[in-house]
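The following pair of complexes shares a single chain, chain A, combined with chain B in the former and chain C in the latter.
After this line comes the complex of A and B, so read on.
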């Protein structure tokens, strides 16, 4: 924690801005003091005097002197984030919440289903899994985006494919000339992965509609409720289970999540909204 | 704890004056605007304090969660606070707020500091109001725990019972400058009789209203129709939440200098749960309306094992559309 006061920020300078897609940018930040987090935990990022929004870092949890945040331009605050230039100073609060229980994946096959900007938290998870790959059986990443141009972290896939035990599959909803990988929604990739389901966990992160159909498909494949890990998107504001904006039934997503098993949250009304 | 003391009225007045001059801000209910509400007490108005009457218009939470507060830096506490006259229902509500705002990992600094620097002297309700229904939810109309000291008046005497270490220390502090008699027994028959009378009165008045478990069950099983019906008059003003002793949601507002302002908020307002991109599970008014009931009777009790509706009835009194929570619950039952 940057401070005992949960509302006080740790300042961080924008070092670099990377264009990932027409709507998505990654901001490389240098916090004024080392910032530690576990993969899947999130932070609140403040634009001085303007607003704040929750993001899960997309960088490696093993690195604490740099932090990467990948942001999709989708609303009022994110639009302003996209106008940031190197040298500008932001505020960080956190880390908050419960991330991915990586140790529980030991000895198993890990199937990851990502959609759109949902690949941001997954990239951080992939770094974490890479570091412990001796303890894992296999890591399979299935990623879907709207079009080839919307496909983010292009160098990541080449790199992962060279790592032992890792394999990646990509698909786009809409074909464009030059694309030589799959076409179709992300769940279609699941027909090809051939997982040892009994001895596997599945991780889903993406837009609500993709999370819904991804989960349904995984259940059809034979995954049990407790084997599916979802990363829920809510309006997390304070980050500490107090402000109430992210309440989902009896849960505070900011504190009890954002990572939940499907087992934990399946009774929640309007889960996919 | 649970030590009983007696102090006579004149001595009590003298004490209040001395404390307000020396080191405390004292708040207590007085009559105003056709009801009673907290005001700051000084030598001039100390004999206007209303004891043992339900209930101050303002819920107790407002002392700890003001409408708007800059939470960037710790608050400077210049004087400690004494609150006299908080009813038992509000004290019960504060237990839930403590669970939300003070936890092992993340505590809210200003809330914690205000709680630590406040002495709560809760009072019995000998007189109740039209919509009071604390007993329906298992709360007695007199302080039992959660406060620092409870106060019951009986003719010219004030009986003080301690309920916390802070309360014991406070009485000790008072004892050096006032005549306070420590009593051997910790039960005064005439006060017990009054309490019994108030309980009977409330139970009789609210005999058709189901208790917490049944209310929870009925709300859980309800369809959307009843919520549409009752919310059709709702204008999303949020008065029910603002006045509720346990509603405590807030908005963080950013100001230059990385300052954070915490401002009272409610799930009754549009866009409360809206996320980037526009998805909003509570877009429809009837869903927002139902959300508050789910929170009070299902989710918060499950999550915190605490009472989240204390039966104070303020939301019924505050609703400009005259929506009665209790009518709704009785219709469900």
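After this line comes the complex of A and C, so read on.
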């Protein structure tokens, strides 16, 4: 935690702004003091005068003097974030929530299904998995985006494919000339990966529709409810379990999640909304 | 050209088939090759063979008015396509085109159905696999539709 006081804000300076896609940017921040988080935990990012919003860091949890936040422009606050330039100062609260239990993946194959901006928390997880790859059997990333232009973190895929035990597959919903990888929704990639299902876990992160269809396909493949991990980043506001905005059935997404197993949440009404 | 049983065992579609079933499939199928951009069949073509992709990549899509083609997905090695050949009126629901040099196994659908009448277990296993392929494709299509509806 940046501070024992969950309301206290740590300042962070924007060092670099990276254009990932027409609607998505990554902001490289330098916090005023080392900031530690576990992969899958989230922070509250404050832009003075405009508001605060929850985001899951996309950088390595092993690095505490730099933080990367990937933001999709979807509304008023994110539009203001997108106007930021290097040198400007933001505020960070956190980290909050429950992240990925990486130690539970030891000795297993890890299948990761990501869609669109859902790759942001997954990138942090991939860094964490890379650091402990000697304890893992295999890591397979299946990623889908609407078009080639919407595919984020393009250099990441080349890098991962050179790491032992890591494989990546990409697909786009809409073909464009020059694209030589798969076409189709991200679930079509699952036909290719041939996992040892009994000894693997699956992680899903992306838009709600993608998470719904991805989870259904994983269950059809033979994954048990407890083997599927979902990053349910929905409706979070205060980050501290106070406002109730993120309540999902009996859970507060901000306190009990955002990472859940499907076993924990499968009976939640409106799970995929 | 035909595939021997040992080669068929390496094709993922034929997981859980017995050697006897694989012998039948080998007997009633041929290997066809296609070059890049070659069209295997058009949407609404009458089909007589079930295909299994062995090597290469194929694109599958639908046609719109004014000769516009929509590329919906890829077919990967080990996957079955042209399932319409097995069910009357045997009319293709999509076009398929080679996007790399491609080798496919073409199984004579009429001969396959004759074999099903002699061996119901063989029929059940094969139809189950075809049903799974169609189910996955339907699910993916619904996923695509919902993506479009929420834009």
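Everything that follows uses one rule, which is that the second predicted complex is superposed on the first by the 273 of 273 C-alpha atoms of A that agree within 3 Å, B and C clash if a C-alpha of one lies under 4 Å from a C-alpha of the other, contacts with A are read in each partner's own complex, and residues count from 1 in each chain.
In the analysis below, a contact is a pair of C-beta atoms (placed from the backbone, for glycine too) under 8 Å apart; a residue touches a chain by one contact, two chains touch by 3 or more.
Not measured: the values here are computed from a predicted model.
Asker: What is the contact status of A:88 with respect to chain B (first) and chain C (second): first, second, both, or neither?
Answerer: In the superposition, A:88 touches no partner, neither chain B nor chain C.
Asker: Once the structures are superposed on A, label A:213 by its partner contacts, choosing first (chain B), second (chain C), both or neither.
Answerer: It touches chain C, and chain B stays clear.
Asker: Of chain B and chain C, which one touches more of chain A's residues?
Answerer: For chain A, the partner with the higher number of touched residues is B.
Asker: Scan A:52 for contacts with chain B and chain C and give back first, second, both or neither.
Answerer: first
Asker: Determine, under the contact definition given at the top, whether A:187 touches first (chain B), second (chain C), both, or neither.
Answerer: second
Asker: Taking the superposition as given, does A:15 touch the first partner, chain B, the second, chain C, both, or neither?
Answerer: Neither: A:15 stays clear of chain B and chain C.
Asker: Can you pull the chain A residues that chain B and chain C both touch?
Answerer: The overlap between the chain B and chain C interfaces on chain A comprises residues 207.
Asker: Applying the document's contact rule, which stretches of chain A touch chain C when the two form their complex?
Answerer: 146, 171, 173, 175, 182-185, 187-188, 191-192, 194, 207, 209-210, 213, 216-217
Asker: Write out the stretch or stretches of chain A touching chain B in their complex.
Answerer: Residues of chain A touching chain B: 4-9, 11, 46-53, 72, 74-75, 77-78, 91, 96, 207-208, 233-235, 237-247, 249-251, 255, 270, 273.
Asker: Can you check the complex and tell me which residues of chain B touch chain A?
Answerer: 71-74, 100-101, 103, 105-109, 248-252, 254-260, 262, 265, 267, 272-281, 294-295, 298-300, 302-303
Asker: Could you please specify the touching residues of chain C with respect to chain A in the complex?
Answerer: 12, 59, 71-74, 76, 79, 136, 139-140, 142-144, 146-147, 150
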